[in-house]
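Chain lettering (A, B, C, D, E and F) follows the sequence in which the chains are written, and residue indices restart at 1 in each chain.
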Amino acid sequence: MTGVSDVLVVAPHPDDDVIGCGGSIAKHVRDGARVTVVIVIGRERSALDDAVSDAEFAAETEAAAKALGVHRCIRLEEPSRDFALSRRVHLDLVRILREVRPQVVYLPHDNDDDVEHRMVHRLTVEALWMAQSEFFQETGGRPMPAPRLVLGYEVWAPMARFQYAEDIDGQIETKVEAMRAYASQLRHAAWDEGIRGLARYRGAVSSGSGHAEVFQVISLGAVPAAGREGGGRD
Amino acid sequence: MTGVSDVLVVAPHPDDDVIGCGGSIAKHVRDGARVTVVIVIGRERSALDDAVSDAEFAAETEAAAKALGVHRCIRLEEPSRDFALSRRVHLDLVRILREVRPQVVYLPHDNDDDVEHRMVHRLTVEALWMAQSEFFQETGGRPMPAPRLVLGYEVWAPMARFQYAEDIDGQIETKVEAMRAYASQLRHAAWDEGIRGLARYRGAVSSGSGHAEVFQVISLGAVPAAGREGGGRD
Amino acid sequence: MTGVSDVLVVAPHPDDDVIGCGGSIAKHVRDGARVTVVIVIGRERSALDDAVSDAEFAAETEAAAKALGVHRCIRLEEPSRDFALSRRVHLDLVRILREVRPQVVYLPHDNDDDVEHRMVHRLTVEALWMAQSEFFQETGGRPMPAPRLVLGYEVWAPMARFQYAEDIDGQIETKVEAMRAYASQLRHAAWDEGIRGLARYRGAVSSGSGHAEVFQVISLGAVPAAGREGGGRD
Amino acid sequence: MTGVSDVLVVAPHPDDDVIGCGGSIAKHVRDGARVTVVIVIGRERSALDDAVSDAEFAAETEAAAKALGVHRCIRLEEPSRDFALSRRVHLDLVRILREVRPQVVYLPHDNDDDVEHRMVHRLTVEALWMAQSEFFQETGGRPMPAPRLVLGYEVWAPMARFQYAEDIDGQIETKVEAMRAYASQLRHAAWDEGIRGLARYRGAVSSGSGHAEVFQVISLGAVPAAGREGGGRD
Amino acid sequence: MTGVSDVLVVAPHPDDDVIGCGGSIAKHVRDGARVTVVIVIGRERSALDDAVSDAEFAAETEAAAKALGVHRCIRLEEPSRDFALSRRVHLDLVRILREVRPQVVYLPHDNDDDVEHRMVHRLTVEALWMAQSEFFQETGGRPMPAPRLVLGYEVWAPMARFQYAEDIDGQIETKVEAMRAYASQLRHAAWDEGIRGLARYRGAVSSGSGHAEVFQVISLGAVPAAGREGGGRD
Amino acid sequence: MTGVSDVLVVAPHPDDDVIGCGGSIAKHVRDGARVTVVIVIGRERSALDDAVSDAEFAAETEAAAKALGVHRCIRLEEPSRDFALSRRVHLDLVRILREVRPQVVYLPHDNDDDVEHRMVHRLTVEALWMAQSEFFQETGGRPMPAPRLVLGYEVWAPMARFQYAEDIDGQIETKVEAMRAYASQLRHAAWDEGIRGLARYRGAVSSGSGHAEVFQVISLGAVPAAGREGGGRD
């Protein structure tokens, strides 16, 4: 992905960025892009077991971001299961979009199997429109140019059809390592092996081998230029 | 799955049974059931590479069935990409259903990403109704009792939501081995590792660990009786 | 339905339990199960006509529950048309699920034609996941085992396709009697005859005669064991 | 329904017209309209039991049409389960449309749970377009004016949402009587009571009492004129 | 549209009424009906550019209504992007419906591409039911009779299928003029030419020429009476 | 669209290419690409009026292709309304794909409102897969590399959501001129003005002014490279 300087990933909860597009994040970083992750909803105490403190959980999140090479991680700390799509949270995301000015944006796909994932999908699609308009000047910043590509990633509900596949054969170990930073989560489910398995299946389906992440194309700003043929491989 | 004596798997093409429910087949066999596989469409010459003869491909199919412990494999040899849902093919399947009288039936789920898979879904749902009715006496056989369970399996399009998960942690190696019997297919894509990966993801999502196959519940004939709690594990 | 000791029915408003699965409730009771009904939203004054007092309406609800043999009726009294899916109401339902520990759960199907019915569908699906997890310890109680069966019932929008039919030929008069306990409702619409009519149609469609309630299978925890063939009849 | 002189009902199989809109047919007849029924697919021998001869079945169909007051019944005798949407069958229906020139047309709704019902839906929608165009002169006849109303009826899959309800409280006994003319069908399922039940449910849902048939509005050619308020009642 | 005395248009934001059904409004006015427009959500300061004052924007709205001949414009001034479907706003709309007692109602169609448009769709459908019931007496007014026709209009997402087309060839200039009253909007996008273009496309598709507005039929209260054939033209 | 040497447009009938993507075709030609159009279904005699001969209609098609600058137009002449998705027609399209080896492919979107458009959508998606595989050697030619972009265009049913917009402000007159080449069609409907209108609406919606064609992204083979920001404009 040549010429991408800034990428924005919108994640409903900590670790959704790793599961949904951790390999692609690592690949963007390898190619020289700055990746900003916005985590919309805070992980509340009661969704953790007693053995993990808030500080330990924060450290896990930081370690995961570091493993992927994320440039900056912004937490909006919206309340879990009390999250609502208010004007305020829209403007928060518009402000970030106008500051980061990403060429590529990642968000949950429109049919994920978690109501907060679907809310964050709608929030991001709306904020993208607002950030490109000439209005909402109270957020500061100039209108953002249209991103070249907006992609929906899969976490809880794999997509029946996808429009883009990214080869992450060179990034799969980094992705699994980032997932393993969330030691408190792995005590309850083997997500590290689960996401490796899904990437393996997506690799076989999309190119016959290796590992891949697959995406819904939500918006395409320009036709891909000439060059190497054959789709998302390198 | 206690008390299941006969299982019918309807597969559009050779190997769809392995990919979609190979682990569950092996588990049924382990529990003493006879499993019959019906392969509706023949693999035509031109969908194979030149290095594999018809005899070799037939031997592969046989080896796969043997690996899973399939009791009987019936080939309808409908023409690929010329397949149509005729009266004749409906009656062929009605005849088999009335002879096998399965308690559990497997077929492709209703949204798989291949037109022939969706045609076989419709064919099987219709034939199940016909086989239970008092009509269509030209097929011979008495009307079939309602199956206890009719399940849709995933091959090309993973399901966004599923209603039943089968733990196949004890059968995953058998499933992969059956897939590897199709050596001519693996030359072009690493299906063996692809299906292992999907089973790993489905295991993590459905029970936190291990390997699983997940299914759409198409028809349930009776409420599961009391016993061990916790869902499809053993 | 052998071996079912506890059943939970989640109803958006009073009488939805009777309309959606009143016959199945009576059948569970006949078979020795304890049935708990949770009514999420309170019936507000202005949705009643002037001729009925609050006390009279409460008495109607009690009489309906008694007619079906309901063990316990829990009212969450959420405000009608101001109902929102908060963290608090999720935890309220998790607490009940962990206490009742049902083997069978009933809720509105996912496409009912009333926004509050669809909200209660989502609430219940989410609370089922939460109640089975090891988190949310503030509700007290141990994690609940997976139910054997989770079923969606129809009230305002009949389902285009259903996966399970329950024969209620022996319970239809009890169901109608429970409906008639809501005398204040029947002044405005003949629900008693409406639900008898739907059960008759569902009986003809699902087994050719009698009365039935039909359901969406939302989650199946185990394959139904051997025994009488033929589907949901007794 | 004042001023309707000609009505066309397209039915996939014999008796679908009775089940889907038999009450509305009888009401049109009462109001002075000529009703033509087109039955697209022939009932094949093997979908009848041995006790009924072809002549007996033909007599049943005739008796049902007579009970409703149908003016003319046209049979296309397409082959069951070998039915395909050919050019020939389109032109057959265009010819009938241009001859009958109906103001109101009935056909199966677009999501009925039978593949041949859905095929007849598509056939009729296409033929309606063709009949109104200036082309396809080989059928003879002038282009047909746009019908005032095109309605989809329900047979096997009740509609989750409907746009029009017809009060058939005065026609329900006629509808049931027409159904009972199909004695060979009633031996296998109590359709007479099934359709009475559905009409009772639809009456309660749409107007609080009585019997109704409900419809999908597929095309509306003119806004209903002033007069009695209150919707489809008389 | 003979005999229509009162029409109600529910618009999410100022100018949605013009875009969605401005031509039909002008036609109703020509035919002698009183048209009431309800604008649910207020246009907030920050969605305007700095060059337009609140007073100027209010004057634009007034000029647009005047251009179409709207009898009365009611503003509910719900907060943009903080809008929620409360009991209060439902009762506000019920009160208006019971006062206006419209024979024809317009609202956004059920799949428009803006979350607030979809919320206003749900609000209006629910309020229509409430207003016709005998309950909710706190709003004052008698129950409203069922409208003859309820239509969904298109703004941001054109409909893939429509059920009714209104010829607005004689009203297109009035519609464009009303749009041009919103000078502050036209500085940012050429809506005046955009809506003329869509009407031209809809005219070609629905009748081969001219300009049209097309609609989803949400509810039909009576079959259109006899008269001129050919669909929505005059 | 730099670096695109070959484009393939698959059209169900003559003129669908002009309506769906005529502006984009002209833009590709301007940028130096060779555009091949495949017309799958032949226009039968009876879908023309008597005033136009076969030779005249063929001349119209040729003139339209010339207006757009199409390099080559291939007619498969499948029979209208008798069209079926056979093996033969799949292989015909595979052969063309392997010969043309396009970087960009256009086909009808997946929800167009014409059954033959949806069949051609499925045909093309399947043929794209086949052409890229190593099988089906009987068509001759080497496997085709994955296209950079596969786009679905709109003809009869505008898309509720689109993922890519192409600015055709510089090509709109060429597009209208190509449409006008079909004089025999324009006698019956003003398509020339209809498509100009739709392009105007799509321009206003997608970029605030001008004319545009909008597309469903069916498959994206590579991320668009750096360069001018702002989306499909030039």
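Things to note:
Operating definition for what follows: contacts are C-beta pairs under 8 Å (C-beta built on N, C-alpha and C of every residue); 3 or more make two chains touch, one makes a residue touch a chain.
Worth saying up front: this structure is predicted, and the values here are computed from it rather than measured.
Any chain touching subunit B that also touches subunit C appears here: A, D.
Counted as hops between touching chains, the shortest connection from subunit A to subunit D is 2. Taking the mean of C-alpha positions as each chain's centre, the chain lying farthest from the centre of subunit A is D. Fitting subunit B to subunit F on Cα positions gives a rotation angle of 120°, stated in steps of 5. Of all residue numbers that take part in the contact between subunit A and subunit C, under half occur on both sides, making this a different-residue interface.
Remark: subunit A and subunit B have CA centroids separated by 35 Å (rounded to whole angstrom). Measuring from the averaged C-alpha position of subunit A to that of subunit F gives a distance of 34 Å. The centroid of the Cα atoms in subunit D and the matching centroid in subunit F are 39 Å apart. Annotation for subunit E: residues 84, 188 touch two or more other chains. Pairs of chains meeting the touch criterion: A-B, A-C, A-E, A-F, B-C, B-D, B-F, C-D, C-E, D-E, D-F, E-F.
Interface residues of subunit B facing subunit A in the complex, by the touch rule stated above, are 111, 113, 156-161, 188-191, 193-201, 203-205, 208-209. Across the complex, subunit D meets subunit E through its residues 1-5, 103-104, 145-146, 148-149, 163-164, 217-232. The residues of subunit C lying in touch with subunit A in their complex are 84-87, 90, 122, 126, 133-138.
Taken in their complex, subunit D has these residues touching subunit B: 46-50, 79-82, 84, 115, 188.
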